[in-house]
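Order of writing sets the labels: A, B, C and D. Residues in every chain begin at 1.
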Amino acid sequence: MMAFTALPDALFAAPEMWEIWSGEASVRAMLDFEAALAHAEAGAQVIPAEAAEAIAAACHSEQLDVAAVFREATVAGTPAIPLVRLLGERVAASAQAYIHWGATSQDAIDTALVLQMRAGLALLADGLCDLAAACAELAERYRATPMVGRTLLQQAAPITFGLKAARWLALATRQLQHLGQLRARIAVVQLGGAAGTLAALGPAGLEVTERLAGELGLAVPELPWHTERDRVAEVAAGLGVVAGAMAKIAEDIVLLAQTEIAEVSESASAGKGTSSAMPHKRNPIDAVMARAAARLAIGVVPVLLGAMAQEHERAAGAWQAEWAALPSLFCYTSAAVDRVRAAVGGLQVHPDRMEENLTRSGGLVFSEALALALAPHLGRDEAQRLVRAIADRAAVSETDFQQAALADERVRAVLPEDAAARVFEPAGYLGSTDAYIDRALAAFRALDTKRGSHERHRRRRANRRH
Amino acid sequence: MMAFTALPDALFAAPEMWEIWSGEASVRAMLDFEAALAHAEAGAQVIPAEAAEAIAAACHSEQLDVAAVFREATVAGTPAIPLVRLLGERVAASAQAYIHWGATSQDAIDTALVLQMRAGLALLADGLCDLAAACAELAERYRATPMVGRTLLQQAAPITFGLKAARWLALATRQLQHLGQLRARIAVVQLGGAAGTLAALGPAGLEVTERLAGELGLAVPELPWHTERDRVAEVAAGLGVVAGAMAKIAEDIVLLAQTEIAEVSESASAGKGTSSAMPHKRNPIDAVMARAAARLAIGVVPVLLGAMAQEHERAAGAWQAEWAALPSLFCYTSAAVDRVRAAVGGLQVHPDRMEENLTRSGGLVFSEALALALAPHLGRDEAQRLVRAIADRAAVSETDFQQAALADERVRAVLPEDAAARVFEPAGYLGSTDAYIDRALAAFRALDTKRGSHERHRRRRANRRH
Amino acid sequence: MMAFTALPDALFAAPEMWEIWSGEASVRAMLDFEAALAHAEAGAQVIPAEAAEAIAAACHSEQLDVAAVFREATVAGTPAIPLVRLLGERVAASAQAYIHWGATSQDAIDTALVLQMRAGLALLADGLCDLAAACAELAERYRATPMVGRTLLQQAAPITFGLKAARWLALATRQLQHLGQLRARIAVVQLGGAAGTLAALGPAGLEVTERLAGELGLAVPELPWHTERDRVAEVAAGLGVVAGAMAKIAEDIVLLAQTEIAEVSESASAGKGTSSAMPHKRNPIDAVMARAAARLAIGVVPVLLGAMAQEHERAAGAWQAEWAALPSLFCYTSAAVDRVRAAVGGLQVHPDRMEENLTRSGGLVFSEALALALAPHLGRDEAQRLVRAIADRAAVSETDFQQAALADERVRAVLPEDAAARVFEPAGYLGSTDAYIDRALAAFRALDTKRGSHERHRRRRANRRH
Amino acid sequence: MMAFTALPDALFAAPEMWEIWSGEASVRAMLDFEAALAHAEAGAQVIPAEAAEAIAAACHSEQLDVAAVFREATVAGTPAIPLVRLLGERVAASAQAYIHWGATSQDAIDTALVLQMRAGLALLADGLCDLAAACAELAERYRATPMVGRTLLQQAAPITFGLKAARWLALATRQLQHLGQLRARIAVVQLGGAAGTLAALGPAGLEVTERLAGELGLAVPELPWHTERDRVAEVAAGLGVVAGAMAKIAEDIVLLAQTEIAEVSESASAGKGTSSAMPHKRNPIDAVMARAAARLAIGVVPVLLGAMAQEHERAAGAWQAEWAALPSLFCYTSAAVDRVRAAVGGLQVHPDRMEENLTRSGGLVFSEALALALAPHLGRDEAQRLVRAIADRAAVSETDFQQAALADERVRAVLPEDAAARVFEPAGYLGSTDAYIDRALAAFRALDTKRGSHERHRRRRANRRH
């Protein structure tokens, strides 16, 4: 329901998402409901066919006065009441009585919401799919590019940049999968009438509901859900997880782009990420804005979970809060996805810096490798104690850990020289990295293929409907 | 990781859930990981079989000093380090080197977490299933018991109490379904070693992972997920939705139990819901405490979503926050489910008060029925205008709306007397109520049947393992 | 920074608050900063006086292209960079070099933010003051109007409606007080330059800061606060408390307006709170929308608290999140205050219904009074047991508690008939009600008087500046 | 009300804070209320003096059965009812009737809560004061130690480590100030009786309240505040700000301790921050755990803000949620403060690494300095363009920016050689750093002095009472 101005919103919403949740689009979706309802009721012989035609025609003609709808909504407490009133002004008297027949405001608003959520989820899935594809490319290209793995922001042990990208890929792929299931689960019509019994439709209630759902490409729920908002809450929760996933990737990028680490940078373009005071700066703006948007998105989730406590057959506040919360959540999440997609898609990777950082600890990142090589000979604890002693000695004497280790008598006593040297080669200490990358790629490709056919199917159906 | 005392926690956790997340249980789950890892590594010929036997035996013997584990954890920054140390003290020197071989602290902690989440989800599902069964019984028994439907806390139009219970039932059934899917999705092992490459296991990484997963009845993920926490976040989000669902049902009960409405009351038992100052009071304590617990649960969700932004290969704070957040979330949610189950299971329903409240508006709740009966004759707008005029007139003259309507000349002009009278009978204005109740019951029964066989299977497997 | 469209926003923002946070107003506030900075630097002889005049003139002339500022901001990562660039286009080459001299983007954005927060807090205080005045009027008028007090939504014991209004009054008064202190505390200038040292201003840093603060009517902080955001967070927290306070009052109104209780209703106006399906309904729309807005506001608070963890000398995401979070928070809170003000200001109170509800329990709400009257004779426990026994007996036999009590032999044995009868008179059981109302009124009047003079002072200063 | 076990809680609570909120301490605080109430009522001649003595004696004797109190609370819905019952068992029959006279459960629970909050706030203030003192020491000692300032995690321009510590100091000082004001504002008694009128005390209500407040060292509020929870919410909000402040400092420490930056490290002690897999690691455990605790604390704040919407005269769920939320919030916040205090108190600062990092950009961090030196000659835009061109050229040719700048013809044309060289000296580009440090120190010392005398006063009063 809520929308942002055409201006500053661009900082916190993908433009297409903004469009889906604009006041105009909200009114259009409610009109889609009213037109489909009229058709469904005519099909079930609840209202005259001519009335349905007249109503549908009015719904599909040029836009209503959106400003008036929302202005009156502040007094009426719902946009559906002024919408039905304005629609009535455009329909011949004979058909007027049949507008919105048997429905309640919430039926129109909720079904519109479902249509908008469905579109919003599809848009997010498109973005995530592009992001996953970009991650997949990085995973392949940098599959064997060594870099240091960091735990608690301390250098730990070698990985490859391809493995990091594969982890991002798996994360994005799982979100893509999840959004697909979510979209299927929530795409249900709302039609219950004043108190959720569809009393005004007499015995025709279910038939009208089924026809209405068919018209809009939605499923029929077990029963109306005016105050059982788990579907809305699940969408909110799902978007929160997507936003959190974007924050993880953005966090990695911001950290890797630090001047002192400099292993990646965002693509440079005119004016991007510059500073008003410091002409030399190249800020990772996409990742920065993704982190901001993700925080904002996650903040909305508990509002929608808390809003599940809805009174009786229609809520007095909690439902209305959804009108602002859901659009905000979709917009913020879309900004996070878009910005991460841009950051990853244009990522400049610096293998030389990765190598440099990997060696700057003087071999300390191979201390686990050394401890493991020593453990069969010395016992795990003794091996770790020895390695820590060598590390401490190196630190105090400001010498290289690798040299200190290779020179240590107890090490030499149990490890032959070449075996000891191999301990310090990253390529020899990558374990299952290759297999992991393959598995992440395979999971994405399986989904992408399946999604491809689904998407074609979805677009065909969408085309048929318009 | 965190746990509550044996005392006040009972206000905000189901006892069985408290048990799952106690310090003792956390240590036991980590020991289960260490034992299974040793077995898996022996199976893959990474460590000697005798060492594995010795380690597993130490893991399954009497409990470690739990207090010491957590006391040292405040300094070490993780409970896995003292746990491995203490375990080492119980194992012969020859086996000691092979404890926790190739693993990192987070592997033990995360896999333990998954085992605890799996148990917690199963417990919540059991509770939801009982709740749904109680709702189903109410839906059947009060299928035709009329009551007033209320929108924005105003009397709106008739429904039946069975329909309200059927909506609760559908809500609980969907949660049950959702938790089942969630449990399947998140039950994966964590094993990545220091930087997530399993380097220390050389080429045997995947085989060990598969064997470990098999030992624990878990699935193998695409790759380690030390800092990709979407599975944890999905659990958090799913529990938040469950908590919100409980809050909806509890809200309805609290509102229906109001002195002035009095359509339901919670079962009375000695001392339950009394007041220190007002001896006559019977407070709906279960619903009240459910609402409290649901608020608390929902508050934890954004903490876990926000904690997804984890740095590099191991997080510096966000992961650690999960240790307190997840147990709290499971405990609060369990309290909400338990309390709602108790409230619904023992609910006393007062059909006489429902009838009384239905009639006290003097027939105003049938104003939609009247407007719809008039609309074909007068047009929708005109019909509504007339109904509102009659209502206003009745309000001003403090007479009964029903009488005023039946006496109104314009009404009499278009509606025969018996048709007008039928407008004011609740049973004649329930629309699809019956069908909705049937649909909700059918959905639950289908799931319950399926779940029944799954549950038997699950218990068989659980028995086999112990 | 963010703003809503002119349309749907009206549901979730007071129009004046929307204006304060619009894109236009944000740009204007940044220009105010740039003009004041130029003046301050000229005063401190850091830049030429003519340059300052030229810059200030350009800042005060017609509006910049707001759309361009925010469009470029999505690439630049901050609106200050395009703003300075566009401003430069309007200034003679000789002055151009001195625009934004020594400042960093965040100096302009943060100081603008402070100016907007100051205006926003003043607007909220105005609204709260009106609300408090309306509460004060209700407290006086209904000082002695008895109604039932309700605990856990159960009838408990008598109060007066004036006491309830006095509690609302005290709540609003404390918020007013709190916002005043907050505004004083946060109205500080931001000026630190690139890394927070004001290095570019050499030794003139503090003098320029003091002059800049003087120009804008702000205070000088101990030192720049680019990444120490406690002042912003305190504003967020304070607004969250205000929103929660509004939710409390709105909750009371919605509950009292229930059909079955009907002790208050919102003022009726054309189209207000009607229903598309149910012509008889009068929904408490202002309270409903206030509850929605309060939920939304509270959801933003943890975003701003969480955003305090800002990196080094300028944050990479957390700061940027404020740009959307703060305007949303101010808008939502303003909607909550405005709606509650409207609801309370126009509240229709129904003393007859209050009396009716007070008596409908058959005297049960006087059970504490009876227990207390009996306690000196029977002991506290015995008295409560007796009262509960009478209540149970009355419930079983469906008779009146009052009659049952007056007829009870043990009661008659210790209480003379007239003393027993007085137990059931509300006016005799109001304790300190009158004194409480007086105290709440006095606290508000003291603040209102003080505020009155402050406000006059504030407006005088504001006038002087323009 | 809620408390943690003695074991894992230590990860997320300062032990002294855990003690303040333990079940035992909660019961003790409620008994303090009951004893003080009895004294107050005897003083106001509402109950016999001997009864008061007997009650007070029972309250101050050995502890009640805390387990029983909370076990019964799950059924009664409040711990005050079993507490009063158990207390009654210890008092002679003649005094029994006067226990809890005229009060309601919430009076005891809320006043106990206020006493616990007051103690909790004092403990946090002590911690913050120690932290501020540690920051002050760093600010002085490293006042002139140059390091690079970083914006968006990119090297920006020079600062000193003393300035960073001074910003932390100012942040902690403001929190200290704020907590002091908060403690004064919320330390009010709760006494309203069943429906908040103190009806049971007849005309003696205010006198008893004043005496009760005097006994407990609390102030008297305008009127009872059973469902106006702004004071509780303000405490929650204030603690959220403190937690956010701790997160900021911890974030800086974690980032500065990164292997690649290594400008600070936490104090080393046996076993602290080691790794099970990587023997060389020294993790900044205190800062890491502080970040975890701060996230957890902030998550609780909206629960308490949302819980302000309390129904009528006693809430049905929102109030009860406070019983778990407030103790959690105090515990989490105390852990954050304690961990940051430990981290800062033992911080090892590495000026050599600061210098090394400052120079590693080849002088790029002086690009603003250069641009500003050039601006008067070339104009601001032209100067920035030139600096950026030099930077780009240096990047491409992989040479030093400083050398490239000093060699640039246009630079040489306007800047004499020595002036150009001075541009690259950090000590010459620190602006108001010294003055800022002085101001932050002065603010802390002023508060510390004032606090010192307050504290002495507080301890004297506390001693007098026991």
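Heads up, the rule we're going with is that a contact is a pair of C-beta atoms (placed from the backbone, for glycine too) under 8 Å apart; a residue touches a chain by one contact, two chains touch by 3 or more.
Note that the coordinates shown come from a computational prediction; the quantities given were computed from them, not determined experimentally.
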Handout entry: Touching chain C and also chain D, the following chains
Key = A, B
Completion exercise
Per the C-alpha centroid definition, the whole-Å distance linking chain A and chain C comes out as 33
Exercise for the section: At least two other chains touched by the same residue of chain D: list those residues. Expected result: 77, 104, 150-153, 156-157, 193-194, 200, 250, 254-255, 273, 275, 277-278, 283-284, 288, 291, 294-295, 298-299, 302, 306-307, 316, 368
Practice task
Examine which chains touch each other and state the graph shape they make (line, ring, star, complete, other).
Solution key: complete
Completion exercise
Given the complex, residues on chain C that touch chain A span 1-12, 22-23, 26, 66-67, 70-81, 84, 100, 103-105, 193-194, 200, 250, 254, 269-278, 283-285, 287-296, 298-300, 302-303, 306-307, 316-321, 323-325, 328, 332
Practice task
In the complex, go through chain B and note every residue touching chain C.
Solution key: 150-157, 254-255, 257-261, 273, 275, 277-284, 288, 302, 306, 357, 360-361, 364-365, 367-368, 371, 384-385, 387-388, 391, 401
Exercise for the section: Spell out the residues on chain C that touch chain D in their complex, using ranges where they run on. Expected result: 77, 88, 93, 96-99, 101-102, 104, 149-153, 156-159, 163, 166-168, 170-171, 174-175, 178, 181, 193-202, 205-206, 209, 221-225, 227-231, 233-234, 237-238, 240-241, 243-245, 247-248, 250-252, 255, 291, 294-295, 298-299, 301-302, 305-316, 368-369, 372, 375-376, 378-381, 383, 429-433, 435-437, 439-440, 443
